[in-house]
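Scrolling down, you'll hit the structures one after another.
In the two complexes below, subunit A is the common chain; its partner is subunit B in one and subunit C in the other.
Up next, the complex of A and B:
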């Protein structure tokens, strides 16, 4: 057993400071992203999440250029973009598609410029990589409290709004008729989304941050029926993928090419996608193996038709 | 007619983008009444329901509930909107949707309770939806979803239930199922029902009164008073015929060439 554990956890894993930080911060961020993600998928705003990630990339690279912590760049640009989306009305689908297409192109172009200028003026060649694809092992300890507090704030926001968000997703008309300030709730939710995108960007990079947001949630929505269970399952998947990703990335230091660890984000994203594919295949099997509806559902008034 | 009803619209008019959608709409709904809001597509039925719900401001006139203006959050009105586009991956089981009818408008978290579970189960049984209580709402058929949304609307014990085209796109047996569930609950609980439909026929056995909407105006009264060629011709502003065949009613426009003015000038005392 201990031999097996030693095989999985390479020497020094539990004694490493950066690993402790990565595990602690990764856990909190994975939970927040997964829970926020359940609502993102439910509200059909995965694309908005991805747009925020692209714009956060610009913010992160801008922050690098002027020499401040990248999290602030992700956060400022993400929140600004969320406010802008809310102003132009993300509900108008067609206008939204065109506008985001143009804006996102410009945002990534700016990111390229900032990264180019930044890496020219300093010698930190790894910066581009860190911003785009993240690195959990280089989180500076001074930012840890900020990250954890931001995550808890975003998580608290969606938990407090959970019921009204579900009701508004079911029918904004019903929600409005019952006195829910639908637009304000949507705006508050979009801010929580921007914050969790910024947080995910810290651990798996701005470009990949939606994977941590959408992947666990999409998988959970395939296996858990009710909202509370879906959030719990999503959080579980997010945390598992993050932890496993950290372990594998640490181990990969000894893999070829020896002496250089593979990026954490590669493992996290691969595990998340793998989990999604497993549920996808399993669900298809079940549907093929079973009749669509139990036979008793077809008696009485014949109101049931196969879903 | 002028007794204080549960709901009273008085001279209501609405303009949207400079276009007059509704003009001089007045009617009263009393407790326990089953009223059909009938009219062709685009006549303003949904607008009228949105006015009653407080989602659409009026340009003229007043909407009174129990003789007073509608409060912003009024639990006395339940609402079933037009067919919802619910994705199958929406993480809401049927029992979650009905449960949201109790307090889905509230912030914060709530803990599950036995009383609440029983209340939801009772409501599902009342609309005949208990069989699929644990199914995802997005995976149900249109008729099943309507039952669930009716349970969602009724669980907060409203005195007036508004339904927007609940029978649209349903097969005939689902249609009859929904109408009989509504009629039974309206009688048993004394709930007033205002239901919009472009076809009045499925409602004929249960409808106490009719609010017929056409060309932005309404004709109100008992079904047999309103569904008359003179009344409807005046409302439409052109000649229409009312054809009764095998107990069903068809309202059809006259062919080209029939003098509309003549038809409109006919007696319309039932219109008010």
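Up next, the complex of A and C:
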């Protein structure tokens, strides 16, 4: 038994400071992302969620250039982009992805410039790599409190807004008829999304931030009934994937071919997508047994399952 | 600016702009903007893998972009489209992160694949780009009518026997083909900006599909040409100019559309229905 445990947890896993920080921060981020993600998936804003992560990292490199704390760069660019998307039409379902795409395109242009100017002053060619993939094992513990507080603020916003948000996500017309300020609620939500995504992008990179936002929520919406349960299940999946990913990344230090460890992001993404595929395929089996169900109904069922 | 090596740059960039203008038009019309972002960026992971195996990065780009198209279309059959795209995309990037961590000297090449190396195009690279460009344009021309119908009016297309799933897959495969040829030249990020900015601007300028597609290509060409000229003079990256110009063209298009709507509104009150306002369901 102890051999097995030692095989799973490499010696030193529980004693390592960076691992403690990674586990703590990873847990907070996984929970926030999963809860916010349930609404992101329900509202069909996955693209915005991913774009905000990319845009926030651009802000980070901009802040690095002018020598202020990168954290403010992340936050400013994330919030600014959310406001801009809202302004040019992200609230219309049809024009949403195009508006997101235009903002993302401009931000990526800025990213190219910042990276270019950055490499002019210091030869850090790894910058583009860090921006894309991030690294969980290099969080300094001094930035941890402020990150956690901001994440909890975003989480609280979404939880407070949950009821109106859900109604205006599923049926904007009914929500408007009941006096819900649909656009203001949407804007507030987008802001919370921007903050939570920007924070997770700082710590775990844009790839992992998108994976933790969309994957657990999409899986949970397939298996859980009702929005509260979906949020709980999503948080559970997110936390489990993050922990398992960190353990595996720590274990992989002696794995072939390089002997430097495999990236955390690879493990977490694989676990999340794997989990989603399991529910996806399981659902398909059951559906094929009921051929009388028209495809529109299936789509409807999935979209409205939180109701 | 127009010397031997730069001539290759101009030819390659022109070919890329034409492809991006055409595929981007359909991407915007179909609302596949996320796929247009995911396929080029995910294909980057394939290039990393190919370099690791000692293969031509081109092979990795092609394999990964096609795999991405299949993944998006496959998952998209029974799931929300944006969710399918997001998950396929993060999986490709996750594998990319693994590949990059295995290889030792990849960082510099990663930068060039993301942001392009448009000023270092060799004559040997120009030919495959132009050929693949013709192939993807030809593919779009062949399926032009059903693709247009299923993009603009999916229900009508289904009623006429055009399977929207099959059109989706076909379109994503064309995008994958276009991607694998353009990413080594202009980079994954720029390819995305070049597909979305001009096409979105063109869509808000006119509701007529053929005109919008032509405009989309024209704006993409102008963007790239100006971008190359300014970038050559200033030494700043091309991606910056293309990204910003795409957004500027889009905002200009939106302002124009808003102004036209206001004019159309007054015309309506005067008793003459504005055909442009009624023909554009998105307006």
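Here is the rule we use: the second predicted complex is superposed on the first by the 253 of 307 C-alpha atoms of A that agree within 3 Å, B and C clash if a C-alpha of one lies under 4 Å from a C-alpha of the other, contacts with A are read in each partner's own complex, and residues count from 1 in each chain.
Everything below uses one rule, namely that a contact is a pair of C-beta atoms (placed from the backbone, for glycine too) under 8 Å apart; a residue touches a chain by one contact, two chains touch by 3 or more.
Note that the structure is a prediction, hence the values are computed from the model and not measured.
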Touching partner for A:160 - first (subunit B), second (subunit C), both, neither: first
Which of subunit B and subunit C A:41 touches, first, second, both or neither: both
Touch count on subunit A, higher of subunit B and subunit C: C
Touched partner set for A:110, first subunit B, second subunit C, both or neither: second
On subunit A, the residue positions that both subunit B and subunit C contact, one per complex: 41, 44, 218, 302-303
Partner subunit A, residues of subunit B touching it in the complex: 53-55, 72-75, 77, 79, 81, 84, 86-93, 96-97, 100, 103-110, 128, 131-132, 134-137, 139-141, 143-144, 147, 152-153, 173-174, 176-177
Contact set on subunit A toward subunit C in their complex: 41, 44-47, 49-51, 88-89, 94-95, 97-98, 100-113, 115-116, 125-126, 128-129, 132-133, 207-208, 210-211, 214-215, 218, 257-258, 260-263, 265-266, 268-270, 272-273, 276, 280, 283-284, 287, 298, 302-303
Of subunit A, residues touching subunit B in the complex: 38, 41-42, 44, 159-164, 166-167, 169-171, 173-180, 218, 221-222, 224-227, 230, 296-297, 300-307
Touch list for subunit C against partner subunit A, complex: 28, 31-34, 36-37, 75, 78-80, 82-83, 85-87, 89-91, 93-98, 100-102, 104, 106-108, 110-111, 114-115, 189-190, 192-193, 196-197, 200, 203, 236-244, 246-247, 250-251, 254, 282
